[in-house]
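The two complexes that follow have subunit A in common; it is paired with subunit B in the first and with subunit C in the second.
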Partner chain A sequence: MGAGCKNLRSTVTGRMTTGAAIFRIDGVSKSYGGVKALDSVTLEAGVNEYVSLLGPSGSGKTTLLRVIAGFEVPDVGRVVFQGRDITGLPAHERGIGFVFQNFALFPHLTVKKNVAFGMMNGGVAVPAAEIDQRCQAMIDMVGLSGLEDRGVEQISGGQRQRVALARTLVMQPKLVLLDEPLGALDANLRGRMRNELRAIRERMGVTFLHVTGSETEALAMGDRIVVLDRGRIIQAGTPDDVYSAPSSPAVAHFLNRFNLFDGTLTAGKFTGPFGTVASPHAVRAPQDVYAIRYDRVNVLPLTATVSGPALKATYIASEYLGSSVMNFFETSDGKVVEVEHHLSLGAPEIYVARQDYLLTWNPEQAIVFGREAT
Partner chain B sequence: MESRVLKPILAVYVVAFLLFLYGPFFVLTILSFQQGPDGGPQFPITEWSLYWYKQIFGLTPPSRIAPLPVGEALIRSLVLAFMTMVTSTVLGVMSAQAFRRKFTGSSVVFYLIVLGMMVPGVLTGLGTSLLANNVLGIERHWYTTAFATHVAYTYPFAFLVMLAILNRFDGSVEEASWSLGVTPWTTFRKVTFPLIFPGVLSAMLFAFTLSLDEFPRSLFAAGGSGDQTLPLAIYGTFAVEIHPNIFAFGVLTTLFSFALLSVYGILMGLSVRRARKLAMQEDIA
Partner chain C sequence: MTDATVARKRRLGPTWLILPGIVWMALFMIVPIAMIVYVSFWTQTTFNISPTPTLASWKQFFASDTYIGALWTTIRIWLIVLAATFAIGYPTALFVGLFVKSKTLSTVLLVICVIPFWTSFLIRVLAWRPMLGKEGVINIILLKLNVISHPIEVLLFTELSVIIGMTQIYCVFMVGPIAFMLGRIDRNIIEAARDLGAGFGRIFWKIIFPLSLPGVVVGAIFVSVMVLGEFATSGALSGRKVNLLGNIIVTQVGSLKWAMASVSGVILTVVMGMVIAAFLRIVDLKQEL
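Up next, the complex of A and B:
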């Protein structure tokens, strides 16, 4: 585990690794009334790449999309698209698609007219026959056949989402920005739309930049995940990279898969509520934090003797999650520790409420952040 | 308990309200059916007749009572109200659109615009005619100076209506349009304008009705007798003697206003229903 952390750079940028870049933003900053929404962000995306932008609300991810789309002008920095500097170009001359969180369909138009809108009113004149043909093909592709003449207020949320997508894709943009487009849908629809987005991308060869606040969505969809926090990119990499080797306590916290403990790292040893543990492969970070994944914690009776970390905690409750069970324990200082048991590994243990147990784990599987790490 | 006290009070209030609102018009309507040409503007009704209505349209034999000099004045007022409506609404929509973004001096500009409805009308009228006569050398007419004062007065109303409408307008549909390669101007025509149209209709109605019965601003600014607007012409007839023909005319104009309002109400109702259906769909989705 520690070995995987070593090759992380100290200044993280979202540089891509393969293929030609379709777009690049260079040192982009943007403030609103003194608050920095973006702080010198640099990011590249390759042709046909699917990039997930992950971050808590207020991390600047939507602002980043709006700068790329041309709805906002950055204070400093450049936006380059298809080899051209488009920093000062108005949105309608960029040819970059944008799918809004609230879909932003034209409420006074039918499904078909929404999809045809760009071709009918855009700068490039498209023959009527071609408009018709491209519209129909796109409507068929997103599965809206038969709803062409409905008003957009007469269709369901999932259908509206697909109109928004069709309206954007029919313009054949090389880059599509998705601003939490699945946020307004229920879990079932979200899953279906994820599959559809993947299929569309494979068919059309579009670069997607997908902003999401959901770590599962980011992990599921992205070829590459870019994690933003307070206007900065704090980690970029494949879903596996980010998931198994978060570069900072903030990323670990945001992935929502780690128990985080405060403590002190001195001379390769981390001292926390669980005792002192040797931690030779610590990752450099602004504060000392010990992270262990929910599904890496073992629960033992209080009487057991362990050689590694040992944390006394009281069992509170458990949640059944379908494929696993999440057990909640509370330490003496009120901190909740989550322990995940995958049901594929066997039936879950039955714990007694308000009884103390001993939590332990293999220290090799922990990720340790600290100021003194190299 | 509470309603036992409150309800009668409210009932009295409503009755008084209706009485003051519709009472004058009710009396006026009854008196407009007074017998003519000898019947005066007072009770009792000596004989029910349509004489005064006929007199307005010149369908009665000549008598000592001159027909209302409203023909040309009415046309003038309608044309003036129409010109004012178009100008004020265009200005109102444009400036409210400008106020969607903060710009330097926006609050000063805001108060400058709104000033037009604050300043006493007689002062505006007098000031405008003095300015036109003595400084600019422009002849005073209903279509020059009076038009200017009417626009200065109704423009703030149109502006405020549009400001309220655009305040609630979700700009993301415009951004969506831009991102589809549509220019801001076409976006305004094809997306923004159709969506704010109910508001534009309100602004137009405001400007039209305010201009149509505007008196103090026209008094000085409208120029000579060949430039009289309808309110001025009617006021002129008061000066001599009042006959029920004015009441008959009042009833006719009120009916006309009601007709306009009904059309507006129907158009508004349609778009509100559409919006409500949209909101309901969103709740379900």
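Up next, the complex of A and C:
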């Protein structure tokens, strides 16, 4: 899986969907010692939009943010912000907010002084009274009232995340870049901060560009998802678009929601380990891959007769996920097939370990990628 | 064994580990200092010394221009050398600890700073003589370049030569701790400050310098302790014109004037104690290290 991606010459660009573009990067490339971190990336974001940038580690997503923030200079390409070419502008003159993964708070300053830092030391002089007032309003908004005079080493991880956010937002940027902002938090807190991040953004009306390696985070938070792989954008669209119609096997793989099978597509028929299935609507891709979502697979006893795809697999184990149960099956050639059962659809079946079952699905719900796409 | 003794044994368990340290400190620090203080009150005659308590040596120290002058010279040279090592050391540390991105290169650069220490202390001091002398390297070069027409004579056997020598020798003790503190600063913090609109000057004064302050204090303590107790550099490079308290002690011990040497020793120890206490008030090292 993914072996064919380097041949993928995708022309996908992250196009904006709402309002006017607040920023645009145009054909940006960046290499480190001969390794291409970004390969002619073009991306736009609209005013008041939440864009999630999804990609595996090493896909260049952090580099992309650093180029936009001005910490790195692209080898080629332009960065345009609010209609102005800022490619050569130093970071401190850009007015683009950046929230770091490790928060990067000033360790020797209090919560309040961290928040006030930009106003007190920025290029634009802000009157002391206004600094005070804006600081307090921002601290109240992110829910840190009462902690103003604490040192940033004396507060919890979630509170530090809020300080980092407040410190950036108090500068009233039109664009905020977030580099895996929830990565340093524990799972419980991550869920809560996810909602809060959205709510804060909506209240402020700024554009967020949120980098993440987690597909759940990207799907949950973005108005629009941009998928990055090996330094290039391979798909952009609403969460629903990306989730239900991944444009390539690579995207389907990142989403972590699909069982992928190798096989061959000939004359509108896909031949894989599950037999030969009619696949009239294939998506063009550099390799033949058959994708079926975890929750679309049905499990039948071995004795059942099915007309569509049928895959014999051994039940191994299951994982309880709260709202659903994930069942793991293994095919004869060692491939693991995941079957998700939503508990709202009824109590889960009890399967016997090491016993063979027949997996099947409605072929119309599968997504087929192939070289001879229609 | 009762529960109480078991509990006490457990509690006292690791405490005895500190014993060698206590013995060492008592033998080589507390006892000698107490001895110096005691001897400073002994009665000294020309060829004899007796433990009869007297304040004579103390009165003599504060009445004599030579001794008081030496005290002020010591303090003046200490302040100048401290300022010079900081002025040269901080930018060096900034380069090694912050601007050099590769850890390997910054380690190599720090080792280079230490290379002069591979030769003996006296060689390092004496090496300044052929550099600074009337017919030394510096004068020859300046004459050849026609920058000067007569050799500069104040370079050697003056206070200046002592300051130059000490600055060179002790600078590395300033560079090391500062570079260490600078190296620990998270690069993201500096980028965050840039992103919030701060230019380099602001970032330096508001972020980098405060975070490196513990290194400055440790470096300053190193340099101060060593410069205040100095006698060899001033002896070798001043032509006996610059007398520090250290030189006074050496001379007094040489002529067996133990009481007077002890008085100077006590005063020097008190000055060092005050200097260290003052530096430690600047930052809370307990918190920083």
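Going forward, the second predicted complex is superposed on the first by the 363 of 374 C-alpha atoms of A that agree within 3 Å, B and C clash if a C-alpha of one lies under 4 Å from a C-alpha of the other, contacts with A are read in each partner's own complex, and residues count from 1 in each chain.
In this text, a residue touches a chain if its C-beta (ideal position, glycine included) is under 8 Å from a C-beta of that chain, and two chains touch if they have at least 3 such contacts.
Note that the structure is predicted; figures quoted are calculated from it, not measured.
**Q** Overlaying the two complexes on subunit A, which is it for subunit B and subunit C: clash or fit?
**A** Subunit B/subunit C on subunit A - steric clash.
**Q** Could you tell me if A:71 is touching subunit B, subunit C, both of them or neither one (first, second, both, neither)?
**A** both
**Q** In the overlaid three-chain picture, which partner chain does A:131 touch, first (subunit B) or second (subunit C), both, or neither?
**A** After superposition on chain A, A:131 lies in contact with neither partner.
**Q** In the superposed arrangement, which partner chain does A:47 touch: subunit B (first), subunit C (second), both, or neither?
**A** Neither partner.
**Q** Could you say whether A:326 touches subunit B, subunit C, both of them, or neither, answering first, second, both or neither?
**A** The answer is neither, since A:326 touches no partner chain.
**Q** Quick one: is A:100 in contact with subunit B, with subunit C, with both, or with neither? Answer first, second, both or neither.
**A** In the superposition, A:100 touches subunit B and subunit C alike.
**Q** State whether subunit B or subunit C is in contact with more residues of subunit A in the superposed arrangement.
**A** B
**Q** Going by the contact rule set out at the top, does A:156 touch subunit B (first), subunit C (second), both, or neither?
**A** In the superposition, A:156 touches subunit B alone.
**Q** Looking at subunit A, which of its residues have contacts with both subunit B and subunit C?
**A** Common interface on subunit A, subunit B vs subunit C: 69-71, 90-98, 100, 102, 104-108, 117-118, 121-124, 167-168, 171.
**Q** For the complex, which residues does subunit A have touching subunit B?
**A** Touch residues, subunit A against subunit B: 69-71, 90-98, 100, 102, 104-108, 117-118, 121-124, 153-154, 156-157, 160, 164, 167-168, 171, 184.
**Q** Hey, which residues of subunit B end up touching subunit A in the complex?
**A** Residue list for subunit B touching subunit A: 170, 172-173, 175-184, 186-187, 190-191, 194-195, 274, 277-278, 281-282, 284-285.
**Q** Touching residues of subunit C toward subunit A in the complex: what are they?
**A** 186, 188-189, 191-199, 202-203, 206-207, 210-211
**Q** Over in the complex, which subunit A residues touch subunit C? Could you list them?
**A** 69-71, 90-98, 100, 102, 104-108, 117-118, 121-124, 167-168, 171
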